[in-house]
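Letters are used for the chains, namely A, B and C, taken in the order the chains are written, and counting of residues starts over at 1 for each.
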Amino acid sequence: GQPPGKPELIKCRSPEKETFSCWWKPVSDGGLPTNYTLFYNNEGEESFYECPDYTTAGPNSCYFDKKHTSLWTIYNITIKATNEMGSNISEPHYVDVTYIVQPNPPVNLSLALNKHTDGKLYLLMNWSSPPLADVRSGWLTLEYELRLKPEEGEEWETIFVGQRTKYKVFSLIPGEKYIAQVRCKSDHGEWSKWSSESYIHLPKEFRLKD
Amino acid sequence: PICPNGSISCQVSLGDLFDRAVKLSHYIHSLSSEMFNEFDERYAQGRGFITKAINSCHTSSLTTPEDKEQAQQIHHEDLLNLVMGVLNSWNDPLLHLVSEVQTIKEAPDTILWKAVEIEEQNKRLLEGMEKIVGRLHPGGLGNELYSRWSGLPSLQLPDEDSRLFAFYNLLHCLRRDSHKIDNYLKLLKCRLIHDSNC
Amino acid sequence: GQPPGKPELIKCRSPEKETFSCWWKPVSDGGLPTNYTLFYNNEGEESFYECPDYTTAGPNSCYFDKKHTSLWTIYNITIKATNEMGSNISEPHYVDVTYIVQPNPPVNLSLALNKHTDGKLYLLMNWSSPPLADVRSGWLTLEYELRLKPEEGEEWETIFVGQRTKYKVFSLIPGEKYIAQVRCKSDHGEWSKWSSESYIHLPKEFRLKD
């Protein structure tokens, strides 16, 4: 057997600026059972601490709950892989939770056909912020982006809508079946994944102009 | 129409003042973030500056809330005072950043322009915050917080690596503090204007 | 001769939320040379100040540069007309710079006929933000409105498109010659003038759906 290869931290992410998780890539372990330990220390602190929770975020991960999560401070994180032949330590990975915010996708995307006061029909899209995100207190500010395309179409039409959670779409083809999705990002963070798809089949006589 | 009953109570509403302050703090942080990323990509790759930038912001003496719970427990007066303290503490370094950035070899216009824009907008935000504080606490906030910056000599060091690190550290701290201000103002706006129900 | 009539402030406008100008209507001066002075003070202040620059914005105007422009206060502005027989003062005019932002019109409006992957033809409209505003896109959030009509037609179809700078139009009459324009506004401000007109002549066989 061999001592383990050098572990590598892949990604850290915070879904709502209150907790965060990190994941690492398991090493080539030459068939020997390998054990991983994550150590971290905070800016301005000498002592290192061990990962508070290895399970919540799944295999090869560490989850930092609210009590262990601070913003505007740099975490110095290293992973140690150990087997009976020895151990190996990753390069230090520097993380500020402020800049790793990637929310979960928005939920409850609904599509409905409505009629404007001037008789024009339009599609009203409605959605909600991801459950964990505390938008109400102002701690997290979310911005949204929609995309829409005919079911058979290749090309999505993407529309940035700022902080709104509903939007009216006018330029649509009558009789067409449309697919829609929405995603969000924290005001200064990374886009979430797209939400699950929602569908609507526009009636033939869905005139854009009477 | 603005001021329907003449000059009686003819003033910008507190809600509008906060809206404008938040729009400005968001803009300042976006610029600071872009400027840092541009500088990092162009001048800091492979130099390990981040390890030396730890715990080295001139405003770290101002104890600020570091998570949601702390930020929600702090009285709005103290949070406002902190925002004012951080903003005031950046007036001097931003002024020098504008002149010193021009001495960086092949500094792209986009970094120069952002330094000028941030310095201007920071003063404008400070003017707005003084208006908001004056509206909420006519008597003032009591002890004014301020953290002196003494980093000018390091921006003028002959040794290029040390000088570039000094710039890196300043832009790293500007990105961090402008994000704090933006986050706290969005929190204060929701608390004071929308009864924590944004 | 007579003392001058009562001057009247016509309009104040800011093109980019950084500076602003005001214009007034000259009074009936009964043939006597009349001199105009603009005074302003800010909410909550007693003292009045005089216009910093009477020339930059043209005749009968006052220009407030960055140093004299504040977003945080309401300006109380009055005009005084004086001739050798006496003087007269306008009604106070209150100005909040955020509400008088009127950007210059958008530029480079282009119209192009495009074919969807599924064969449908549509008109793609593309435009750019006005020169002054595009430099500070984060500071001045612009929203756009389009209008479109057949050349001989009377009625414009107007479509609000939010922050987008391109738009697909489906409901068009084949063989028709269309005129299109676009305008923009900042969140609380006024609509800009309409852009210059752009034209497109749709081919006869321009089917909506093959």
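By our rule, a residue touches a chain if its C-beta (ideal position, glycine included) is under 8 Å from a C-beta of that chain, and two chains touch if they have at least 3 such contacts.
Treat the numbers as computed from the prediction; the structure is a model and nothing was measured.
Novice: Graph of touching chains, which shape: line, ring, star, complete, other?
Specialist: Drawn as a graph, the chains make a fully connected set, so complete.
Novice: In terms of CA centres, which chain lies closest to the overall middle?
Specialist: Of all chains shown, the one whose C-alpha centroid lies nearest the global centroid is B.
Novice: Which whole number of Å gives the spacing of the CA centres of chain B and chain C?
Specialist: Roughly 32 Å separates the two chain centres.
Novice: How many Å are there between the centre of chain A and the centre of chain C, using C-alpha atoms for each centre?
Specialist: Taking the average C-alpha coordinate of chain A and of chain C, the gap between them is 40 Å.
Novice: Approximately how many whole Å separate the CA-defined centres of chain A and chain B?
Specialist: Going by mean C-alpha positions, chain A sits 27 Å from chain B.
Novice: Quick check: what residues of chain C touch more than one other chain, meaning two or more?
Specialist: Residue numbers touching two or more other chains: 141.
Novice: Residue numbers in chain B touching 2 or more other chains?
Specialist: 26, 30
Novice: In their shared complex, at which residues does chain C touch chain B?
Specialist: Checking each residue of chain C against chain B gives 43-44, 66, 70-74, 76, 92, 94-96, 98-99, 136, 138-139, 141.
Novice: How about chain A: which of its residues touch chain C in the complex?
Specialist: Residue positions touching the partner: 150, 152-155, 157, 159-162, 167, 170-173, 175, 207-209.
Novice: Can you tell me which positions in chain B touch chain C when the two form their complex?
Specialist: 2-3, 6-7, 10-12, 16-17, 20, 23-24, 26-27, 30-31, 117, 120-121, 124, 127-128, 131
Novice: Of all residues in chain C, which touch chain A in the complex?
Specialist: Against chain A, chain C makes touches at 116-118, 120, 141, 157, 159, 162-164, 167-171, 208-209.
Novice: Per the contact definition, I'd like the list of chain B residues that touch chain A in the complex.
Specialist: 26, 29-30, 33, 50-51, 53-55, 60, 64, 66-69, 71-72, 176, 179-180, 182-183, 186-191, 194, 196-198
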